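Naming follows writing order (A, B and C), and every chain is counted from residue 1.
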Amino acid sequence: MTYVIVGNGVASVGAIEGIRKLDKEGRIIVVSEENTPTYGRPLISYFLAGKIGLDRMSLRPDDYYEKNNIELKLGSRVTALDPGKKTITLASGESLGYDKLLLATGGIPFMPPIKGLEGSGIYNFTTLAHAETLIQLSQAIRKVVVIGGGLIGLKAAEGLFDNGLSVTIVELAPRVLSAAFDDVAGKLVSNRLENEGLHIRCGNTVEEVLRGDNGDVVGVRLTNGDVLECEAVVVAIGVVPSLCPAKEAGLNIRRGIKVDDYLQTSAADVYAAGDAAEAYDMIMDDARVTPIWPNAYSQGYYAGMNMTEKKKEKHPGGLAMNAIAFYGMATASLGLVNPAPEDGCDVFTYVDEERQAYRKLVFRNDKLIGYVLVGDIDFAGLYTGFVRFQLPLTDEVKQDLKDGQPSALLWPEHDFETRWTPECE
Amino acid sequence: MLFKPISQNFNDFVIDRDKERCINCEVCVRQCSYEAHFWDDARQCVMHDNTKCVGCHRCEALCPTGCLTIKKNPADFRDNALWTPTYMKHIYKQGDTGGILLSGMGSPSAKPIYWDNLQLDASQVTNPSIDPLREPMELRTYLGSKPDKVEVEETPEGPRLKTKIGPQIKLEYPMMFSAMSFGSINFNLHKAMAMAATELGIVYNTGEGGLHPTLYKYGANTIVQVASGRFGVHKDYLNAGAAIEIKVGQGAKPGIGGHLPGEKIDEEVSKTRMVPVGSDAISPAPHHDIYSIEDLLQLIYALKEATEYRVPVSVKIAAVHNAPAIASGIVRAGADIVVLDGFRGGTGAAPTMIRDNVGIPVELALAQVDNRLRDEGIRNWASLVVAGGTRCSADVIKAIALGADAVYIATSALVAVGCTLCGRCYTGKCPWGIATNEARLKKRQNPEIAAKRLTNLVKAWGHEIQEMLGGMGLNSIESLRGNRDKLRGIGLNEVELDILGVKHAGR
Amino acid sequence: MRRVYPNKDFCIGCHICELACLTAHSESKDLIIAVREEQASGLRPCKAVYEKGPVCVSLSCRHCENPTCVTACISGALYKDEETGKTKYDESKCVGCWSCLMACPFGAIRRNPSKGKIIKCDLCEGRDMPACVQACPNAALSYEDR
């Protein structure tokens, strides 16, 4: 059996581990455009901020590929896929045959149509290379504008600020973090960032990137007409699935590469996982692109197991989750956190201004389906259990959760007995 | 202390917390069911209220830094040989409440303990002692009626017993766990006793609270008790055990019945006792169908009929003034075992005055009952068991030398699982999880651990008994039974020596 | 593999296991110093005792077969040791993103607030018997291969 994995992110690592769990012999070839062994992509913000060095970037030990008997083709982009002939073509023109293929191509930064965006002085923040570029940039400039007040944008802004730059975040929504978190959490976080000295402009976006005579960035003009001076712009509005070579090969695509419960695409023997895939989400009860790390790993892992044909395991479904900390303020958000009125959810919120703590719980049909925590996140995992296992809640249990007292003893007896005893897995 | 009656302010104990070591972990706070320790929000540390402490030492035992010492309150009243603090405090309390004084566990009063005045013999040059580690040493004991004589017949396979011997309880050690009802102590300890008895090859006694359905499987190592309240008594119950015991009296409270307060009757106790949840379970002072030896005879035979003469029937009485005559009557009424319970015997609750002033020392009762039955030539008709305050293997072996076939142990069993004799069993708040059915307290007794400790205790005593027997040149407990020549008295007067039937140590 | 199993029928909620865990993972290995000094500077037990009415139970990482914490860890600090089956943790790699803390549905991960790193049961690396199991006065924890 020859397995080919396109991409070398965490979904790829998950797949290697899934395959090797069941198949120690098969040939595994990993082809990736990026030129490094798998690193913790989210770590690039720690790297940018100078909190960790390059030595701590890699996700697995140095001998990982050797131990797992992996053939690595780094720095090679896959340009074409022929599901009929079961081959892929690399940019070099080389062609590789596979028995099973995994597309773990991840995401690419979304670039909005903004005037003046083409040209120098525009950066992204999704790869280690980007981080290295921004570190160098920090030596040369003083002012930067970050477009996007989501997780990546804020992390980029924080890192650049820590490098001594004056940073302004421009966010279209009325609050930062409003998608993955919510308004209140966004407010607490932006207060925090502003206290540290970052500038935040919400309800606004960049209409035009202003350039000097030599084409260098000199500032941006916002929709309200304000002009912010800057020497560089970082675009961090999010990522979109990287669809090459899936699209050209005619695989079924909506936003991402559509996969079934077993992570198989519309083409036989071709699987997809991670930021590139559009897979079932357990809370939304529908297919989604959820570009987060744990989903990427676990989809990769299940895809890997299923590719061996030794086991057919249904993926339990993705679960959106984000934990992120800013200058000591910890936040966590999981599941559905901003339900629409028609979702029929019961939403509980609690704010402790003094302690800068916030708790939001989203219930649907007597189950917990999402939460946001700011400040006190120590119980996050206990809330997660209720979402992950969709444990039924009595009124009494609901109250304890609302009171900020989740506990394993609130689990239904049967769930406690079976799930807490590990041999039942 | 503010807002407290004087009876409480003259507290018995003081809690000494070494602040050098205390880490404010609140282990003591969680352990004390009397709420003597508490978290003091104002001072942000653990504090205590001495007046609430009953001296159970639970906190001291569990404090992870060992920084607690529970001490006797050193505050002294003016010396007075007559008016000791105990009596004064009793009076203060009664002045406060107008009620009778209640106590738990056996009498702590300073009355003679005859075991301590008896010394055992040991072999020297002649009749050399035996090393139990090298030689067989028999502790097995059978309880039940023995025939007047045995006939043996020769068969091709060898000699065979011709006489039919009545039902017996077989014990691998001359000890049994005494009656402590389910309700007065909790299920976990019943289970532990059942497990330990099974492991040891001895028996435990259910007490008067019936037998929990899940414990029927330990029936071969169970004595089922029938008392005046007849709680939980039915045909299956009677047939569940290795023997039936009719409880007439209890050493700690001769002449009165029992009272299990409604708070202790939870779902399980209710089912087992066959009384409604939350209602008081009152055992009358007498059995209302026993007013004479003849009545007792009827009950004994009713029980024997119910069990088709498969198991021996025992009758338990408190050791009181006319014990020998009563015992003789009981034996003649058909009992296979007679149990004498001395005034040191434990209890879950007894009026203090009765506990401390009624009944006689079991040592004296035992010697006299044994004498009387021998004199009447009916000693073999029934086995004799003593209960009440057996503290060590030496007490056991002395009891056997005085004439007992076996002893019941209860207090020592409870001490083995943690009891510190604080004597507040009647509150239902036992911090050691023994005399309580409160869910959060009773789980402090893990039956696995308790059973192990009970087993260890009996095994340890067994080893010691073997050592002492060997020292006397005996190789079986049988040879010591009623062998008072192996005992000598010290510090006893003529009358006491005469009653006990032992010579003075100088002779 | 051998794991620590809780027994909620006989857990008396004394929290002694937590103190034992704290001491075993302290620098000083001294209960009093561990609580007074090291806890004040961020040390926490890996164990947590939960209570509800009369029921108590002491829980910690169950070393899952397929651990979500490992899936969530962005730095490679958490990993599954194939040989022992333990879910292991390399503190030097942790960046304190708290992803694992959120992802573990058993709530088995805590924070060391001063270090900005996580705390998780390691089954008392270097001890024959996990400290919590050894210290429990009521055998409400057992270390066994089920």
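Convention: a contact is a pair of C-beta atoms (placed from the backbone, for glycine too) under 8 Å apart; a residue touches a chain by one contact, two chains touch by 3 or more.
Every value quoted in this text rests on a predicted model; they were computed, and no experiment measured them.
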Applying the touch definition from the top, give me the chains sitting in contact with each of chain A and chain B.
C
Between what two chains do the most C-beta pairs come into contact?
A-C
Which chain has the mean of its C-alpha atoms lying nearest to the mean of all protein C-alpha atoms shown?
C
Of all chains, the one whose CA centroid lies most distant from that of chain B is A
Need the CA-centroid distance for the pair chain A / chain B, whole Å please.
69
Mean-CA-position distance for chain C and chain B (Å)
44
Taking the mean of the CA coordinates per chain, how far is chain A from chain C in Å?
28
At least two other chains touched by the same residue of chain B: list those residues.
none
Identify all positions of chain C at which a residue touches two or more other chains, and write them in rising order.
55
Of all residues in chain C, those that touch chain B in their complex
9-16, 19-20, 31-32, 35-36, 53-55, 135, 137-140
If we count contacts the way the header does, which residues on chain B are in touch with chain C in the complex?
21, 23, 25-27, 30-31, 62, 64-65, 433, 438-440, 443-444, 446, 448-449
Residue ranges of chain A touching chain C (in the complex, touch as defined)
14, 40-43, 46, 51-52, 56, 58-60, 293-294, 297-298, 301, 321, 323-325, 330, 332, 334, 377-382, 384-385, 387-389, 406-410, 416, 419-423, 425
For the chain C and chain A complex, residues of the former touching the latter:
3, 5-6, 8, 50-52, 55, 57, 59, 62-66, 68, 71-72, 74-76, 92-93, 95-99, 101-111, 146
